[in-house]
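Heads up, the next two complexes both have chain A, just with different partners, chain B and then chain C.
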Partner chain A sequence: MKPEELLELLKHALGGLAKEVTVRKGYVEVLVDADSVVPVANKLKELGFDHVKSVTATDYPKESKIRVTYHVSSYLREDLAKPILGLSVDLPRDNPVMESLTGVWRSSEFQEREVYEFFGVTFRGHPDLRPLLLIPELAERRVLRKDFVVKEESIYEGVPHRYQ
Partner chain B sequence: MDVKAVDKVYVGNINVAARRARELLLGKLKLGDVIDWATTFSLWPVHLLTSCCGAEFAATWSPRFDAEQYGALPWVAPRQTNFIIIEGTVTRKMACALRITYEQMPHPKFVIAMGACALDGGLFYNSYNIVRPWEVVPVDVYIPGCPPPPEAVARAIIDLRRKIREKKLASRWLIEGWRHDRDPVKPADDVCKWWRP
Partner chain C sequence: MEGQKLQGMVVRRVEKELYEVFIGPQHPGSGHMRIIVRLDGDVIVEADPDIGYVHRTMEKLSEVREWLKPIPLLERMTIIDACNITVPYVNALEKLMDKSPPPRASYLRVLLCEINRVASHLYGFGIFGVFLGHSTMYMWAFGDREVFVELAEILTGARLTHSYPIPGGVRRDMPQDFPEMARRAVRYMRGRLEEYRRIFVDNPVIVKRLEGVGVISRNKAAELGIVGPNVRASGIRYDVRLAEPYEVYDELDFEIPVFEEGDALARTWVRVEEIKQSLSIIEQAVDWLERHKGEPIIPKEDYDKLPKLHREVYEKTGRVKLLPAHATMKIPAGKAIARGEMGRGEIIYYVESDGGTTPYRVRVVTPSARNAIVFKYIVPGHRLMDLPAIYGSIDYFPPEADR
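Moving on to the complex of A and B:
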């Protein structure tokens, strides 16, 4: 299935639930509101998208939003697995809360934990929401947001200027 | 069999090898030297795979580079080992696992830090999630490289063996109860807050 055909299929299936369905360079993106993410995910699962490949987030500090993206794909239907489909949700940056999609796709559980610890996005209804890779002190600082600045370390720190 | 003829057989006769080892160890050396000698031939590393250096670590014990000829055999249980190779990057969460593994090992125990990440961060130099291994455990030998080839790992094992034999590390540790040459590089205790109750 070509991305354009998938676009038509999605527009027909989702109807008014999706805010925006676009295709660019073979990448189909479904942009939804935070309220309608679970119905849209259920619709996508009925279409045959049965697992989540990755959950990621992008920080837009100027627009004051965080966009959480689920890349979904299909094991059972090979034609649906060819194009890349992203299901995106825009959340406010100061209080990013959304419904968890673990009830729809169980494979998104660990990846939602990663988004939680790196971006501070809280998933309601997640069975086990705690930091996965980072220690708790570091997870509180939301290290992958744009306003987190790593302290620069110099290689020559403490070494006197011998080569001038 | 004539004893002199047997003496000329250098390879493959286990009785001759055992007799010579017995003469060397019990006839000429002290007990501490025997302990050092025994430790050098039974360095069993923990397989603590933290990063991509683990591939080279595995290749070191493959038939081509056969590091088992130095008496080292990778083992899974830290309570039955005396030697740890830090294979690559140590993240903050893995630092706790590394320290716990190190504490579980019976002494005398030795540490080799492998790869550029274990030296000073390497590829992840300016990162929020990196711990230098020398902040967690006292390191004996460093192996530079990204990743180090299997020859370098074998060389590091030989260096560690030489260090144990020449400085009498194992026997002095057993006699004195603590390894005093590691005192200046005593690691920071509270790396990942697991020290606190």
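Moving on to the complex of A and C:
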């Protein structure tokens, strides 16, 4: 299915729920309001988008928002296996909360846990929201946000002065 | 113990009738991970995969490295499948830069990807053999994998972490005598697969332990979003090389093996059949490369920028010496997704650029990261002895899942 056909399909199915539809390199991004993410996800699932490939968040401190994107595609409908659809939601950076989509797509369960630990996004209704990869102490520091700066160590750091 | 709490420790009550067994994290199989299993007798009622022991902050580190430097970083996730894991990242950069590699470079990438795929499946078979107590399979698979690791070394100069693809091309051309070596390896491996069948895949003991174990139905596979040979063993015909052919996969002649049963035995068979297909692709790739000797492996605009000395090295030895400008290059702002089919399944990269010298965001989802959910939803209901069979059959690899 070509991007133009997909755009037509989306326009027909989502109607006014999509705030913005953009053709990006390799996927089509649909931006929706945080309130309408569950109905939109349900509609996409009815169309045949049956699994989540990636749940991504990106931190934009200047605009004070975090964008969460679900990249979905299809296994069971072969004509929908080629396009990737990015379902995006913008959340306020100081209190990022959204509905979990695990009820629609079970495959997002572990990746929502990842977004939770790395960005501090809370997913309401997630069956088991706790850190996946990090220990709890590290997860509290929201390490993938832009204000967590990686300290680069010089190779001489910690070497006694007389050897430098 | 009262009052003493270590960093990261979680204390909670467990039910009296159930046994809680901690499997791992001291390397229960193919790397450090832990499965917390609750048992009623020897039947698993709940399994909680506890992963992250080998998390190495790939996504964060990619944001503070110049565009080229994540290539040797990211391939550390799966050193045994290094070309397959970096090609989609490079493809994502190429999409942002509107650059495409010359055909010879694409064929060389595909050649190395398929050598990696065979090596990755053989590694999986070896680990699977250990899980099932079949030490001959372990020895054979690891020994035969060496043939393909050496092929990769002859082609790239490194056994495992090749850092072979670069945006726009590859780092090195093929040595003159490579096609003959590749054909010998292919002939050897075809003969060995027949012996594998007799000693392992058709072995009555192995069949008894795998048949009907860890069954994932077609709909369940789609619901859980699992990838690779695991999804193809459940009757779903999905392979990135077929769905969205990258590089030159659309010019090559190969099949996607699909099985309907969805059990551990079917997942094993998919891998055997995939090795056969990869061997055929290796043959087609070296044939093409032999017919098109001397064609460029980097784009013309990159070649034109090379100083005289670099050109001489490139023309005499086929090695691409990168200029400092490559390390500090800027990539136009934009968002791109690229995916590829690794040995263990689909890998997907989301790369965002703000026009600077480092990525703004790199998101990578590896096949094992998506397969980890199988432990939670497929393992319960089986006996404890089936857990190694399921673990081995989904070819789970913790360093890849933890990223």
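Definition applied: the second predicted complex is superposed on the first by the 154 of 164 C-alpha atoms of A that agree within 3 Å, B and C clash if a C-alpha of one lies under 4 Å from a C-alpha of the other, contacts with A are read in each partner's own complex, and residues count from 1 in each chain.
Please note the rule applied: a residue touches a chain if its C-beta (ideal position, glycine included) is under 8 Å from a C-beta of that chain, and two chains touch if they have at least 3 such contacts.
Every value quoted in this text rests on a predicted model; they were computed, and no experiment measured them.
In the superposition on chain A, A:I84 makes contact with chain C only, while chain B stays out of contact range. Applying the stated contact rule after C-alpha superposition, one finds that A:Y27 touches chain C and leaves chain B untouched. By the touch criterion defined above, A:E137 lies against chain B and chain C together after alignment on the C-alpha atoms of chain A. In the superposed model, A:V150 makes contact with both chain B and chain C. Looking at the shared chain after the overlay, A:E109 reaches chain C, while chain B stays out of its contact range. Residue contacts after overlaying the shared chain place A:H51 against chain C, while chain B stays out of touching range. Look at A:H71: by the touch rule set out above, it reaches chain C but stays clear of chain B. Of the two partners chain B and chain C, more chain A residues are in touch with C. Where the contact sets of chain A with chain B and with chain C meet, they give residues 133-135, 137, 143, 148, 150, 152.
By the touch rule above, chain A contacts chain B in their complex via residues 133-135, 137-138, 141, 143, 148, 150-153, 155.
For chain B in complex with chain A, the residues that touch the partner chain are 91-93, 121, 125-129, 192-193. By the touch criterion given at the top, residues 7-8, 10, 51-52, 55, 57, 59-61, 63-64, 92, 95-96, 218-219, 221-226, 231, 236-238, 243-244, 334-339, 346, 348, 350, 352, 360-361, 363, 365, 369-370, 372-373, 377, 402-403 of chain C touch chain A in their complex.
Touching chain C in their complex are the following residues of chain A: 24-27, 29, 50-54, 56, 58, 69, 71, 75-76, 78, 81-82, 84, 86, 105-111, 118, 131-137, 143-144, 148, 150, 152.
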